[in-house]
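Look at the two complexes coming up: subunit A is in both, with subunit B in one and subunit C in the other.
Here is the complex of A and B:
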């Protein structure tokens, strides 16, 4: 398959701060997930490939053409920025039609495309309301709508699921998958692993401005699985529970967080751990309030991977 | 050209509804209110009868030329770029198939046309109220037309300058205030060629009749340029600053803070 987006030794600094370092990659049609903790360089990468900012070193090419100041390229690109900003005086309808007008389309086509995009993100009923009065989720959906309204071949979405409720997330994920089926190129960034996992297998792990790993998500999952996990349990008798856990060889450590009143268990095998958990609660008549995995976030995953 | 037109209609309709426009619209009607007060006091013989055109001329110089058009041009011109950066909406424009020059020129034209309209409306109403008794005197309309044209040229020129300033400076309002009420208001009274480094010099050169007003002493040092030179210089200044703004906006990198 031919690469749609190509970067060569792409590097960006903000003064003395490194934004992105020596990124060389090729993105093909389909969904590519850009995964990394906050501040990893995801947005910098997306801003570079959409020509929002200039690279200090290296180059970006979209369908073989440079992107910086190459405005005709944008007929074929849709970009959903991360920041929650709009022309607040406008209604959702005015916002979309005004932006569509910049594609030099006839009025009838503008109306048709705006209606279609609003229908896709389910904002038709609220299209004549001021953007200022929209909820966070509606604003997010409107941002997605403006990136797809002109029917682009390349769709670049920076944290598109932020602020959406579970139903909204599912709808946007389904939409992204539909676009993949049409042979388009979609680049989606997120700092939440399950979000990316729900959309694609192809991921690029980015951390501290560098591409940390690239490829199939199962490879990353396997890497993660080989490292210990911390599970936090808030229950009626944490000491008794700790005593039971420590007898198992897959439990490495138990700790008490006195402030929160929780038990922290470090395990090398999540499956065995969660398999044992219900029986321990029942047998020992322990009431459980909350089970969370404090390291089930990307920063912790990266810390594992880079061996911190 | 099509892109510029599309950007123009985008921002003209947006700016019409903005809070800023409503505030300036009210401000531009302040002279109309004053004109009403003057007229009522004349009707009820509370003040001595001064010619309407005399008050109108002073209004043009003191309020419109030396205050309102500067403020309007400053707030609209500098916002061509700065409002996109502060509002973080620049991305929506720069990811469309329109050149960055078209964005600058389209927005500049939209704002200039809008503020010319705001000013013209205030001027025309003030004129009509102050000259209520002489509305059939055709020669007065020539003065009105000339004054509106001078103010429009002033708005065109100052807005272009502040559009350029907005593309380079983050705090363009502070610089603009110093320029408007410092440089423009002081240097214009310098003798010799120095006063030609101000925009207001060329605007005042187009207003010969103004010396009849009470504030004629303000023109004490004015060594006017010819009408042709003045008009040419005003168009040249506007064109130069718009071209500079386009070049800068095209090649400068604007980083929106997360």
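Here is the complex of A and C:
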């Protein structure tokens, strides 16, 4: 698949403060999550790829064209900033139409696109209320609306789920997934890991201005050999199972969680472990209730990578 | 790998800049200014001098009809370049211009900074130059209404009331002076207001600055003149500098006895400095948490 966003040795610093360092990556269509703690460089990265700020070193290309000073290309991009960016005295409708005018569209098209965007984020009924009276969730949805209203090919969302209630979150996540289904490129940043996990497996981990990892979350997890995988097994005879496991060199440790009645196994080779598992169950006639990988999630990966 | 179906058709023509990319910025700026409390009333007040001068032009052509009111002295009703110069450089008009700036100019950039709107503008096909042009055009719009438009109207009405072209043939350059001075004063105040507006996020502080810098520049001139008895300190005064250049453009004697081009240099220097600062201040918001 062709990369939609390409960065080459991208670096940005603010005086002595390093914002982003030597970032070379490619982002393909679909949803890509940008993850990192506050101050990691996520917003800097997003502002660089939307052409709002210039890199000190390196370049950004959007659909093969450099983005810096390439203003017509900006029509292809929708950007939802993290912070509130509203004129409070305007209504939601006025806010959206005034921004759409910057795309030099005919008035009829502006009206149509504003209506459509407000409908998508379910703000149609409140469109003539002033933004000042909007709740946090409504403001967030209006911000998302302004980023999608002009029907862009690339949508950049900086912490789009901030301040939303669970229902609002679900709606925005559903919307993002719908756009993914249409073949668009969506880049979502967040420091809340489960939010990203709910949207995509494709992630970019940023910390201290550097890319720590990029790719499929499970693939990245497998690459971290220094940190063994933990697998939890709830079964009829955990002690017997533990005895069998311990004979294998790829099993480092076994633990019992007596309260839950589970066996926790640490292994350096997940593939070998899962290859062995069925035969052990069958040979020893052990009944299995549940098998889970408690550290095969984003939080664990993130913690490992930044060395917590 | 998931199969992604492209469910939309993107316009595949050549992406182009709009003809007037700054216009949406101007449009919203004018709209929001008219929404401000008391602005319409106040703006109507600023047009009073223009009405008075217009009536003066009418009366000057009908002196015989109004003789009973004049009681001798009618020199001030002599419509000539000095009459125009008096309108354009009178203290009251300049004061009203400053008040218009307080309403329409203070929040132009300050509001965008307060609302973090710059990142929304600059994520769209809008250059920094277009953004600043759009903002400046808001000031041009309002200031032209109290400078250029009345100037042209005076000129036309003088011709209409006189019923001949004698005024035009006597002062063919006057209309150019009107245009040049209107552009000068408007350009200067556009830079002045935008610079101060880019300094803070609070429009009230900026409004105080716009008003205060103008008034204090004049006060400083008065203080230094009082101490040193030198008119060169008039270069500190915004009002005095504009009046100096205005007098030259209307082919009149300068109010202060110093070379007029010093004043022009001060005005140009302030504009250049403002332009330089605006270039630095107005940019995509950079957030480091």
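Quick notes
Methods note: the second predicted complex is superposed on the first by the 220 of 308 C-alpha atoms of A that agree within 3 Å, B and C clash if a C-alpha of one lies under 4 Å from a C-alpha of the other, contacts with A are read in each partner's own complex, and residues count from 1 in each chain.
One rule holds for everything that comes next: a residue touches a chain if its C-beta (ideal position, glycine included) is under 8 Å from a C-beta of that chain, and two chains touch if they have at least 3 such contacts.
Given the structure is predicted, the values throughout are model-derived calculations rather than measurements.
On the superposed subunit A, the two partners subunit B and subunit C do not both fit; they clash. By the touch criterion defined above, A:137 reaches neither subunit B nor subunit C. After overlaying the two complexes on the shared chain, residue contacts for A:182 are found with subunit C alone; subunit B is out of touch.
A simple residue count on subunit A separates subunit B from subunit C, and the partner touching more is C.
In the superposition on chain A, contact of A:163 is made with neither subunit B nor subunit C.
Contact with neither subunit B nor subunit C is seen for A:58 once the two complexes are overlaid on the shared chain. When the two complexes are overlaid on their common chain A, residue A:228 makes contact with neither subunit B nor subunit C. In the overlay built on the shared chain, the residue A:102 is in contact with subunit B and with subunit C.
Once the two complexes are overlaid on chain A, the subunit A residues touched by subunit B in the first and by subunit C in the second are 14, 43, 50-53, 71-75, 77, 79, 81-83, 85-87, 89, 98-99, 101-104, 146. On subunit C, the positions that touch subunit A within their shared complex are 2, 4-8, 10, 14-19, 21, 23-25, 27-28, 32, 35, 111, 115-117, 119-127, 283-289.
Across the complex, subunit A meets subunit B through its residues 14, 43, 50-54, 69, 71-75, 77-79, 81-83, 85-87, 89-90, 94, 98-99, 101-104, 146.
Across the complex, subunit A is touched by residues 2-3, 6-7, 9-10, 13-14, 17-19, 87-89, 91-100, 250-251, 253, 255-256, 258 of subunit B. Listing the residues of subunit A that touch subunit C in their complex gives 14, 17, 19, 29-30, 38-39, 43-44, 47, 50-53, 71-77, 79, 81-89, 98-99, 101-104, 146, 151, 153, 180-184.
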